[in-house]
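Once you scroll down, you'll see the structures, which are given as structure tokens.
One chain, chain A, appears in both complexes that follow, with chain B as partner in the first and chain C in the second.
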Partner chain A sequence: MAIDYGAPPLLDIAGLHLSIPTSGGDLRVLRGVDYQLWQGETLAVVGESGSGKSVSSLALMGLHPRRASVSAERMTFDGQNILGLSRPALRKLRGNQMAMIFQDPMTSLNPVLTIGEQLVETYSAHGKGSRAQATERAIYLLERVGIRNARERLGQYPHQLSGGLRQRVVIAIALMCNPKLIIADEPTTALDVTVQALILSLLKELQEEFGMALILISHDIGVVSSIADRVAIMYAGTIVESGGADEVIHEPLHPYTRGLVDCVPRLRPGRERKPLVTIPGIVPSLLGPSRGCLFRNRCPKALDTCAMTDPAVQRTASGRVFRCIHSEAVLHAAHTRPADPAPVAAGGRA
Partner chain B sequence: MSGILEVQELRVQFKVGGSLLAKPRTLHAINGVSLSVARGEVLSIVGESGCGKSTLARTMLGIETPTYGRVLLEGRPIGDYRRADLAAKIQPIFQDPYSSLNPRKTVHDLIAMPLLVRGGMARREISRLVTDTMELVGLPRRMMHSYPSAMSGGQRQRVAIARAIVTRPEVIICDEPTSALDVSVQAQILNLLDDLRRQLNLTYIFISHDLSVVNHISDRVAVIYLGRIVEIGPVEDVLHNPRHPYTRRLRASTLEPERGVRLPKPVFQGGFPDPTNPPAGCHYHPRCSEAMPVCQTAAPGALRVGHSTVACHMFTGLADDDEDLNPESAQIAAGQET
Partner chain C sequence: MINYAIQRLILAFFVAVAVSIIAFALLRLSGDLAMVLAGDGATDEEVRQMAERHGLDRPFVVQYFDWLIRMLQGDLGTSLFTHRPTMEMILEAVPVTAKIAFLSLGAALAFAIPLGVIAAAYPNTWIDRAVLALAVAGKAMPTFWMALVLMYWLGVQLRWLPISGSATWQHLVMPVIVLGTSVMPQLMRLTRSGMLDTLESDFIRMAWAKGLPAHVVFFKHALRNAILPVVAMSAISLGFLLGGAVIVEAIFSINGIGLLAYRSILRIDFPVVQAILFFLSFVYIFLTLIADLINAWLDPRIKVK
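So, the complex of A and B:
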């Protein structure tokens, strides 16, 4: 399905802040997150632990911790303002218009309910139809996600299924109410690689069939580059770079993106056993307000001024967005150094 | 020449599910594995969850007892070593530094533990060795009296590595040492492991499910499916010219951040088989796209193909003639006759 970027976005978030009060002060987990998502599009949110990639999605579903305070300039879903929506109103949206797939199907499924009950529950809770209709849809979706003997499976408990099958059940539950948006938080991290590839292909296929928008939260650049249309790279509560997946991953502008892409070992033949590129230092503390770029202490391109002013949000001609004191030209020149290993054609790929 | 670590026709079985009315079933975690690791080499063991790779690691460490076959360290069965002597020669690094370190002990005490187990060392000597080792793994001295809860995942894994090398062992068994870490930290830990191997002339058995990491760190790779080795050989062959259909499938399922890499076509098929009731013949045949009638009845022997050894009927008759010259193929073959 072609994505219509001329249409209003399905999801529009601007200036999202979230902080959690702690005994040591406010933990500012999100420090101004902006993104938009269109119908039928896949956006990957990439970052390391503590970057805020999961929290930003939880916040838009109203699933963040209750003591956290959330503010935003704009937060709309399908034209409706969802900021400050009451909990019952949010409950009407969740599972219905937007659904979530979590990392570990062992913990996201209820162990004492049959999978049939868990599938039907979502449908009935949103008043979509009778129990019989719900059961029919459950069987259809289980078959659609590649589970054979779906009718018999309805009476089984999660522990009777393998990890891959459980994650397919979770996907089927997410699809029960035909949502407009699915948020998948590391949906394949707990799975084996052969199963991971199956689940991702399945998600992609279902997305095209049902025309949903998909937010994929992941730390795995390989997964992201195989499935995403656009990518947003998060660091310390902000999106430091976003744009088309191929451009961001293969021609990164922000020094953090560059480091993240370079430090992943590759499955290329003829390796030279060189040390891997690393990002020195550790993630900064998110306590309290900050000034300047939060990546500056680990950044190979940092200047003295990086500590003084917040990096400006810049937009390139091709619609990429990045937060850095340096211009696109400077970053581009810095990254295309001759020492870069030439990409090897994917030889030996069976 | 025999290797520093030899695994010979190893079988490890567990009894599971026994009750008053039900007879316990036998789980064949390791079902005839033979391999040899040379001093200073990095051998990776790859496979999916439940294939037996962690049981193999635990047996090499002497934690599990072989049902049949044996593990030799420097020519001696590991069962013949005293516990303290074994601990001085072979040490583990586990996946999750959050659960493998006792939260109530300081960094100093955690790293000193293997030395205390071995005994016969003065306190001052122990402290000196702990400080030296902390420096080797890049932990600042001021962390000596910290607790694991005050440390990041990368620092904790450095503590686990320091603890593993403090007795200056010969062999380290690394069981998924970076899979719980962020990618930028993973790069630091992989570089550290590579440096230490060179400095201390260590031998690694590296267990992983991540082929890109395996490609980076190892000399040779063994691919395990349901307790049997299906392919073993140099990295260049096993990962870049895979022969066994299972290895090829693993390779194709690995998603690389390269331009034009797309998801493989989804193939719905039976999941991982039940290890208490493995399929007859070749264990992989129910999932194999190349399966022939013979695969359902006879377990394939090990065949020498190029520099690798492959257990697959596809190569019968096509294999190199010098298979008898390869001790490993003879070992695998012997291991698979019941």
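So, the complex of A and C:
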């Protein structure tokens, strides 16, 4: 399905801030997140634990911790401002227009309710139709996500299903109301490697079939490279780089993106073994306000001036966006090292 | 489910046998019954005759099996004081005690569960603290004191309720308030902590993400998971109410099982004491069995284990 980038975006977020008051001061988890997402598009949000990638999507659905305070310059979904939305209005959007797939299928299904009940109740809660209609749709979707004997499965409990099957059920639940947007928060992290690829390709297939927008949250840039249209790299509560998936992964501009790409181990039988690459240092504390680039302590390209001013948001000719003190040309030259093959080229985008 | 029920039933049977032996032995070990029955200053001959008359001179095992066989035939012995069949006396006392016990538990749960859910929905707010204060007050008030205060206030001053006996439903109101208040706090605290644990789980976050209304998330998704320990606790509370309401029954002059037990102990009416002991043990075992079955019905995973 072709994405119409001329149309207004389905999701438009600018300057999203979120902070949680703690005894040690405000924990500023999101420090100005901007992204846009179009109908039918897949955006991968990539970052380390604590970068704010999950929190930003929870804030989108109004599922962030109640004591957190959220502000944004702009936060619209399907042309509607969702920032100041009342609880009941947000509830009507959740599960209906925007659905979420959580990380661990072993714990995200209620152990005491049948699979069928958990599918049907979403449909009924949004007044989509009768119970009989809901049951029919549940069976259709279970079959569509690759579960055989769907009718019998409806009466089963989560503990009677394997992890892979449970994640398929969670996906079917997300699809019950035919949402415009699905947020998948590390949907394959808790699964066996053999099942991961199946679930990812299923998601991609369903997205194209139903024409939904998909936000795929992951810590693994290798996993998302094959199915995302665009990638947003998050670090310490901001997006440090975003752009087309191919470009960002093959020619990263921001030093952090470069580090992430280099960290992906490559399996090439017969080749010499290289030591695993890491990014030195740890994610900075998010307590309180800060000045300068938050990546500077781990950055190989850091200058003294990085501590003085916040890095400017720069936009390249091809529409990529990055936050760094260096210019595109400088970063480009710095990263182009001879005899270094493009990472994750093998098995990249089909 | 059937297999699980049979398994539990067999287990309950063995527990009942074990309890009957231990309780039988404890009563025999509490002192020489024949000496106590013969009274102060009795001669050795009188004590020997007393032992012979009640079969206390026979070996313990013989006494136990004699008692067991007669019990299985529905004969729990005869009261030494009233000379009536023990079974008859117990059956007379059970209905009023059972009525009060079930009403008290029902009332306690009717308050404990909603309050526990509300406290968990607003943790560490003034609502939570108010509910906690209520629980502490309920637990801290001794039952005899509360019974006397209610008697004086509702019975003597306002003359709304009768203060003694068990003839009409009005007679049961004050005992139910007192006993309900004494078991409510623990059930409420258990509901609250169970709810707090459950509300943290991933499937609750998922339920919110599905756009379900709050009452569905709390009562259908969370409470069913949180209620399991409350069910087990209810069985124990009910056992306590059926057997341990001695003080309340005495204050309100209710001829229930608690008062019968208390009087029989004072009269050294050992066949009655023994029968009540077994009756209450079996009630406990039965209630625990019921609680296990309810939990298995609530949580499908239990049947598998």
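Keep in mind that, in the parts below, the second predicted complex is superposed on the first by the 335 of 350 C-alpha atoms of A that agree within 3 Å, B and C clash if a C-alpha of one lies under 4 Å from a C-alpha of the other, contacts with A are read in each partner's own complex, and residues count from 1 in each chain.
Simple rule for what comes next: a contact is a pair of C-beta atoms (placed from the backbone, for glycine too) under 8 Å apart; a residue touches a chain by one contact, two chains touch by 3 or more.
Predicted model only: the values in this text are computed from it and were never measured.
*Asks:* Would you mind checking whether chain B and chain C clash or fit side by side on chain A after the superposition?
*Replies:* Taken together on chain A, chain C would fit alongside chain B, as the superposition shows.
*Asks:* With the two complexes superposed on chain A, say which partner A:Arg291 touches: chain B (first), chain C (second), both, or neither.
*Replies:* In the superposition, A:Arg291 contacts neither chain B nor chain C.
*Asks:* Does the superposition put A:Asn96 against chain B (first), chain C (second), both, or neither?
*Replies:* Touch partner of A:Asn96: chain C, not chain B.
*Asks:* Touch check for A:Arg66: first (chain B), second (chain C), both, or neither?
*Replies:* After superposing on A, A:Arg66 lies clear of both chain B and chain C.
*Asks:* After lining up the shared chain so the two structures overlap, which partner does A:Ser108 touch, if you call chain B first and chain C second: first, second, both or neither?
*Replies:* After superposition on chain A, A:Ser108 lies in contact with chain C alone.
*Asks:* Touch check for A:Ile221: first (chain B), second (chain C), both, or neither?
*Replies:* first
*Asks:* By residue count, which of the two partners contacts chain A more extensively, chain B or chain C?
*Replies:* B
*Asks:* Let me test your reading of the model: by the given contact rule, A:Ile173 touches which partner, first (chain B), second (chain C), both or neither?
*Replies:* second
*Asks:* Which angle, to the nearest 10 degrees, do you get at the Cα centre of chain A between the Cα centres of chain B and chain C?
*Replies:* Rounded to the nearest ten degrees, it is 70.
*Asks:* If you've got the overlay open, could you tell me the nearest Cα approach between chain B and chain C in whole angstrom?
*Replies:* Chain B and chain C, overlaid via chain A, are at closest 6 Å apart by C-alpha.
*Asks:* Residues of chain B touching chain A in their complex?
*Replies:* Counting only chain B, the residues touching chain A are 48-49, 152-154, 182-184, 186-188, 190-191, 194-195, 209-213, 215-216, 235-236, 239-242, 248-268, 271-272.
*Asks:* Quick one: in the complex, what on chain A touches chain C?
*Replies:* 61, 63, 91-96, 99-100, 102-104, 107-113, 121-122, 125-126, 157, 159, 170, 173
*Asks:* Residue numbers of chain C touching chain A in their complex, please.
*Replies:* Touch list, chain C to chain A: 201-203, 205-213, 216, 220-221, 224-225, 298-301, 304.
*Asks:* Where on chain A does chain B make contact in their complex?
*Replies:* 48-49, 146, 162-165, 192-198, 200-202, 204-205, 219-227, 246, 249-250, 259-261, 263-271, 273, 275-279, 282, 343, 346-350
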